[in-house]
């Protein structure tokens, strides 16, 4: 099939690097003589047929910006096969031959359904800070999210040494502990608490007790927001009380998407 | 009075730049032929007579580190005049002629009492991220704390534009809105909530409503931790509900001291 | 005089913070019911009558960007009184009642001449990384330029300790040593070389020799680009040879304007 | 063979992450009941038998520091088989059963010779910002070096747009263009010049001419220090002259190792 005009959209949570991916797709397409349009706000733009033309200049000077110039959203109505059929139909009317989706797992399921049901050719670029796309070593945005969290840990380290406090750093990850785990290892944290594990809090307490006995004065514990104990504000009092130590909480939140 | 040997300590909350101040004091003293010792963990080291000798090499390579190499603590017992008299006595026994205190308001009150009651010559270097020392334009640590908060705002800005969310950023300041105010102005925040003011939440809501009407898609509100509404987690639901908008919270906490 | 419409321009070398200043000026004007236009590329836009309308949305999301959205240039022809008269005339034709100039010393001289000769009301905002505007404690951009240089010094410090090398860091400053001096003090450099001084290289050599004798292993020397010895690549071989030590050069250049 | 005591050293150019690698090795060894010693200043410490004991506390709080706490050097005498035999002998006398080498290609050749000739068990951790170790996807330090260069490019981008200048950014890489190439792609540079290629300067000129014709105002060219044209100061005048455009040079140098 000879494609002359493609759509691109960003979907789900935004991830740093999405703009760089949009730019790369557009510039490659241009070089190959393919036109590109960008759907606005994820699948909701696809459904509404809301798009902008994207040429080389339209993606100039965006490579370093966080977020996504196309906007993103979660679009529950796209779970409905009729809505997908309608979107595919609108694409044909607009002369758009295929779709590039930058997003995570859920966004890819929608894209696959669109392809299977409606024959729209789709390509997926894994773009999620959660790094939970099967078959992908590092999804777009993951590295930046981990590095943002590492910077915070570096900042806390000095003040922790000075005051002898424990710090709990909440990083993103509702169902994925990937950011938390990589941050904890790379930052030399005293412990890590993730959604995928269940008995780790006792383990963290025990381990900190051991290192305190050896004279370690400062402890940083990384907590994924989605942990069952309720993120850092849920985990901190449990560990702080068990060890009878003063503690403070940092919630990095969306700074990791910037 | 000819001083041959001085003590230095850091007290209260630690502030970035305290190490640079220690280094500068030690190197200046050395050049003038004055010895320096560093009391450990603030006034509690002074009370216990716990100190280390500080020469030029001891303060090498610390200028860029956050926190304080001497440690710091709050020392409630130093509020007791008898404890202060005892500390002054111990200083004399150790041959220490004067004291340099790096800290904030409370630390300076302690230093002044020591001087007035016991005749110990003291000098104070304003070192607090809160910038609330009278007569000082910018206390040590304030600039770094504001810049750390600004970096977070820059990171949030892009993701806010992409998703249309409101972000509440909690900065330090139990009784002082200085960091919040400067961060809000320098970061172009949509609103700021500080301990010193009381009716500002309604004002912020109104102002955001106006800018939403003009098409502004993303709003960042800076909240001092000590605001009476309970920090960012207290303020966010009030404003989010009033405007019926999704929001997320970031708590920067001690990263601002790094 | 009742002003209804003002022009604003950025002139000379660009400085980080110029966009924040443009934004602040525009938003304040809007609130007061005054229209604003932005002249493009400094005085050359004024001469050509090339400007864009600036309302609140036009300056949205620019506060954190380096450089200037209006562009800047040096405009030698504006030294000619006839060119200035013509520019003032064009302003009147375009219904622009006054001019805000963000720039340094040279830009201000042009603005003053415009006011004195042609009766155009002008206001100046000191915007230059060189911090050389008389009567201004810190010009817009200076703080960022110093902090960029300090980050480089922090990065060099660790590698210097590891390898025992000397590093020469060239910072901006053709005629002004302000960035160099502040960077050297704040970064704990072993020496500083500036355009305003002439015999300091020998002094730096002597001082490093002393600290080497005391065991200091790593030395960072900050050099202003405009030093008569020819910037860091001019100074480094002189000092390196005198001390018989390996050295490397870093040239920060325009990264300080970002 | 049952090992009770291992040596570790860092060799060649230092790379950010070497300290994290030392820490990880020591902590793992400790957990397994193996003692560790650190040789000072690379192979020269091994030859001299100069080492320090490394326990868990000795590697505390170093994970975030650039450079290497053990020091590093190039050690030409280790090319001599007799020197290697002597070093192996000294290791036996000191009761050290094996050696971990963190370094690049040259360091690994020395380690292999030590193993082949003298039967010393060696393990290598690829630690070099050049990413030129065969069989390794990303060597320790490469990611940080690229990210440091990317930050510089982000800073230049805004000022480039404002002034219409070309910027040449020299990154490390005497024989390897890996940092330059990755930086150029990730930073969206207009061109890249590396030691491995020879006719690329003409190609860069042609490509910039094309994008200038399309209205692109700002161009950033990444140059590896080892390019045959002589680094950025060699390449810049050639390209600047060919295109008749003003340009500036940035030399990042050792900041990439911090």
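Per-chain numbering from 1; labels A, B, C and D assigned in written order.
Just so we're on the same page, contacts are C-beta pairs under 8 Å (C-beta built on N, C-alpha and C of every residue); 3 or more make two chains touch, one makes a residue touch a chain.
Remember, predicted model here, so these are calculated numbers, not experimental data.
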Touching both subunit C and subunit D we find none
Are the two sides of the subunit B and subunit C contact the same residues or different ones, given that same means over half of the numbers occur on both copies?
same
Of all other chains, the one whose Cα centre sits farthest from subunit B
D
Can you work out the whole-Å distance between the CA centroids of subunit B and subunit C?
30
Subunit A to subunit C, mean C-alpha position gap in Å, rounds to 37
Do you know which subunit C residues sit against two or more other chains?
154, 157, 161
Contact residues on subunit D for subunit A in the complex?
20, 23, 56-57, 60-61, 63-64, 143, 147, 150, 153-154, 157, 161, 186-188, 214-216
Contacting residues of subunit C [partner subunit D, same complex]:
10, 13-14, 16, 18, 65-69, 71-73, 148, 152, 154-165, 167, 248-258
